[in-house]
């Protein structure tokens, strides 16, 4: 039954932008799906390709990386590295039959609360259509 | 991950002024107390107020817990204050985690029951994660109150004066024979009465006279290395002798260079650069005549051919146009793409210039120049009085044409960028305009930039930047010591394959790879203190704890003390 | 006399030599070789037979050479160091001389990635200069490489090599020619010439080093068939640059083929006057039937019969 | 931008502990000065008129497109959160300045906050009261307040900040043609505002780039007199806008906006530089790039603290030994980055004036 | 350093098909430096393989380990007890490591996870360029420090061939012509005469691979 399936999303949030935007979603009282897991990291560059794959392996239906906008990163290249690692993993995921949409990155700033909620809900619907993770 | 037997967790529930009380009912508190390794459970109405924190500290010191999980709002609400608590020897103030149930459960899930479920899962995960927390200490090292300012221009002088007044010993290094830089060519302020040169001489006098400033001129910059508290600049004086200048912090104020536009027709002697125009005005207009003493009657300023988004030329052009009309009664044209009036008082100057008869012509396609019996014929299509399609254009026979020089980064920028690991923007100026660094800070702790080497600006804007950079340095050195917490990366030498990935990816150049790392202090994995091994080492005081090196290291040799890989994996485990 | 070949006699007599080029079939159809040879008969002094040109598999150069010998024509077999190691090359030289072949062109050969065997392993046990040296040792020293074993028989070969005045680094090209001469080369056939200015500069530098007297230089020319071919060669064929002037002429011409031949003849006329040029090597690959017309228009006929 | 992982243990420093700086206004200038002073161990009290911190810039929206367009709005957001966490900085919201007595270095200040009064001693008073945005109703020909789909840049900021979307106020739909009018309330002799507010060209172009990134099919037009550059990244921003075929930079200001209250086809007339004649075009959303003006209560604060003013009505720096300092946009229009470095410079002057550095 | 690249993960899955429990052994030396086989890559590959097999319905159990250097018998010996529990070993060390493991645990199949490609230099982080073919008889002294055997497409010793144009090799795709670089180098260090003398035919059979697999043995060390 697809309706009852609510996809589990793991969101890696950079402490400088993503996590603060997540807090702002709370302040704005916008609703977020219950199956959203927020993981706080000091910088998007801290997320190892290993962690992203582990998240998918442990049954997450979708993984989102929230990083600062480009040229607005305290660690200069943190967000660009996260994007590059995502590209590398997309290569591997395609070869093992995982859809690329299950791993995505969204650039935002501390005051982009609305964008955070919109991105999560958009991904939530997308994953609902995509169905549960084949690695289940 | 140490076995969970040893850790004793205290749960601290923050009701956030009662807004979460409906969640933390007895059932919830009982659930929390029942979680593995939880030894105590405290409740409080508002943990963000200092007074209530003291009460909590008293309870925690008496309790048996060695780490805590705060259940309440965002970590940003607790981290700053909680880390500074003194919780007795057994409890390191960094060993706590925050279960952000308010923003991630209560406020974003309308239904109370499901919000409670979510609260439980979040707290359970934090408990699992708390098992692999490790104590983080703080360190302090003395900072001698001295600083180095590179560049003897107006910006360097103002920064040196600001630092010296805060009794910091300053060494001012300048490549030129004397300090002063290019601003000396300015004759008048554009918005305030009074000569620049008198203001200028007194600045130079103040710098040379100030007891705290040591000026070293005509020195060539050869290298710069070190970290906060221990920066060493290598310079070479004309005799070729190399010397090293010490300083706790560095301000880069080397300004920018200019390339005059002299190829083709621009090489003609009737084409002059803005500084030449300033010089002509400085000597009372005596030189505003041709060699046969005939007055150079029409002067045309051409703007925005180069440096279109830099306001300096536009401001000087309007100022000089007014002077030419006021004192020398010349016919003056200003030909530009956009008149730059976004400076204090410039709109009034622009109107004053037009009232005095200066003719402003705006173009979209650049003007063409040709030589017509000794005079320069400037052909330009005025935007507002003709359609784009028309082929005729205005032609202005001018005796003197002022063409602006191209502003280019100084040649030291590239060398400094390589040596210091500071990124260059496309045109080669220092540090892209990244809002996180607020113009004066760089990605190297203790190194600040101001003025033309960052971006060519007018005199006032550059001086404010000089003071802001001086403020940055004063802040760092004012306490006499630099205290930092060890929430940084640390490299295990045994696993390090010296593959040089980490110094290359580190955005703050905080990692060095020494041949034989004498005195490398390693505390992980039971290796004894003094270790002779070719490996990479993190300079704790330069590290910002971003963790890029940890995720790039191919042999997993680096651990980020405040967020280890295990902690992330546990957070991910659903 | 090095090998007593017709080409050698003509060059030794100081006559203006003309050589053609024949591409063997991509199989064993003898008729193809015969038909092409007939087109060239009487118009050239010797016929080059390419060796798996641009790494495309074709009949072996020696076999085709032997066929030509039977037909009473004089082949110049080409040997690329890409495909054989030193054992195979020396034994092939034994075979070739045994079958009456008297001229050899030592080449490095195009990289296999150009041809139809892209995954093949290249050999390059020797390079072209070392091959020249090896053939010279076999002819004059009578021994194979390594110097001890005497050859049962006599190796009579007139040794040739290629030269590309249009490759980089330009200043080095003449030094490379000198190296080939020191290795013992007897005649040189250059890459097809279009940039005449650069070729003259090359010849001048060769003259300054006194190389022109030590070797017979035959200038290579290739008639252009169409503007498209000109642009293709300019961009893709390694070592060839065609000035725009020729490409435009070809593009404007109503009958490009005729224009191509006209340009080729003009070049030959110009080359005839240049001192140090002892002949011309006309590479009309897949256009062998035009050789008569070209040699006739360039006034190279009749070919002298030398004893 | 306070560097992370720096020692958060900023204890009070001897000799300066009892010095307290009173900061009027919690805009980006006030907050930055407070944070810089606390880094140097000097405590401060921030007095804020509104019930929230951050002044005008607190509700600016992020104007990033495929990369950050350097509008510094997120920096304001960070500073607000940092200042509310930092000890040594007391924040009094919804409170205004009463009477002031005492002399430089020993000011006695009376404060009204929500009915009750309190007294406070301060050795230095910093005026960081910022600016007001020009009230677009003073230009009735543009029809702000009359036509629902004519909004000011401030309204657009608030809409993007809260909802993250651009919608027509009249029917809540996404607009298809947006026009930006520049120099509304600046460089305008009719209302005596003879200054350029410096930031409007930059924020308007950033809005257009961000909107074009989020809604690729929207047509945008930019009506201006002279494009004013701002900061180094402006060059690439302007270049990108010039190359974007759906961004029309038109060098003329429209005279009047014609339409009715909820019209989604507002007509404007202007001299088109390409055709040379008067042309009329329709837009379904018009954004007025409003400039900056001195605060209406600027005069009372100036008289209370004898802060000198320039012709335009913005403050000038008072004499150095008066114990009164001024920083930020109240000295004249400037961008957030400009206010930040101005605040850092002022913080250093205050620290030096207090002699404790 | 030896440089290697990971095999596409679907190829690895093919030859692991019959096995339900394997040991994934990484190496923290050369292949870690080129980010192909270090401890991090072990984690990534292991996670990817487990997911793929789980998706295909045949779960796989992977023991993970990473030796200091897989070309040393003592370090490979440390894998012993894990090797005994598994049906096969997937080694993502270079070719040498795979064969050392195969020799020491001869009763179970050992599969390579990497394609060992060349000995190379780091151009920038993440980009490595071929520099040495281990031909056994170095000619770098003659060619000014640029090796024609490894960097010329035709391994010429008396280059450049006719196809070198504007410093690029005839095979294109930005491959620089080694002999152009040799020419420039020799010109700057004033040894252009080395390119004028004919370099004789190379004695491939004496030191290089063509004489058969080679060993180096030092009398002073092996007792």
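Per-chain residue numbering starts at 1, and chain names A, B, C, D and E are given in the order in which the chains are listed.
Simple rule for what comes next: contacts are C-beta pairs under 8 Å (C-beta built on N, C-alpha and C of every residue); 3 or more make two chains touch, one makes a residue touch a chain.
Keep in mind that what you see is a predicted model, and the values were worked out from it rather than measured.
Engineer: Moving step by step between touching chains, how few steps can get you from chain C to chain D?
Structural biologist: Graph distance in the chain contact network comes out at 3.
Engineer: What are the mutual neighbours of chain A and chain B in this structure?
Structural biologist: Touching chain A and chain B alike, sorted by label: D, E.
Engineer: From chain D, which chain is the farthest off, judged by mean CA positions?
Structural biologist: C
Engineer: Report the inter-centroid distance (CA atoms only) between chain A and chain E in whole Å.
Structural biologist: Going by mean C-alpha positions, chain A sits 36 Å from chain E.
Engineer: State, to the nearest whole Å, the distance from the C-alpha centre of chain B to the C-alpha centre of chain D.
Structural biologist: Roughly 21 Å, centre to centre.
Engineer: Which whole number of Å gives the spacing of the CA centres of chain C and chain E?
Structural biologist: Result: the chain centres lie 41 Å from each other.
Engineer: Counting only Cα atoms for the centres, state how far chain B is from chain E in Å.
Structural biologist: Centres of chain B and chain E (C-alpha means) sit 43 Å apart.
Engineer: Can you list the chain E residues in contact with two or more other chains?
Structural biologist: Only 40, 43 qualify.
Engineer: Counting only residues that touch at least two other chains, what does the list for chain A look like?
Structural biologist: Within chain A, the residues that touch at least two other chains are 16, 20, 48-50, 54, 71-72, 74.
Engineer: With touch defined as at the top, which chains are paired up in contact here?
Structural biologist: Once each pair is checked, the touching ones are A-B, A-D, A-E, B-D, B-E, C-E.
Engineer: Okay, in this complex, where on chain B does chain E touch?
Structural biologist: So the residues of chain B touching chain E come out as 495, 497, 499-501, 504-505, 553-556.
Engineer: Quick one: which bits of chain D touch chain B in the complex? Just the residue numbers, please.
Structural biologist: The touching residues are 1, 3-9, 13, 36, 39-41, 68, 70-72, 74-75, 81, 85-87, 187, 194-196, 198, 201, 226-236, 238, 251-252, 271, 273-276, 310-311, 332, 337-338, 340-342, 344-345, 347-349, 351-352, 357.
Engineer: Okay, in this complex, where on chain E does chain A touch?
Structural biologist: 8-10, 13, 40, 43-44, 47-52, 54-55
Engineer: Spell out the residues on chain E that touch chain C in their complex, using ranges where they run on.
Structural biologist: 153-167, 170-171, 177, 180, 183-184, 195-198, 200-201, 204
Engineer: Going by the contact rule at the top, pick out the chain C residues touching chain E in the complex.
Structural biologist: Contacts found on chain C: 82, 86, 108-111, 113-114, 122, 124-130, 133-134, 145, 162-164, 167-169, 172, 175-176, 178-179, 182-183, 191, 238-239, 241.
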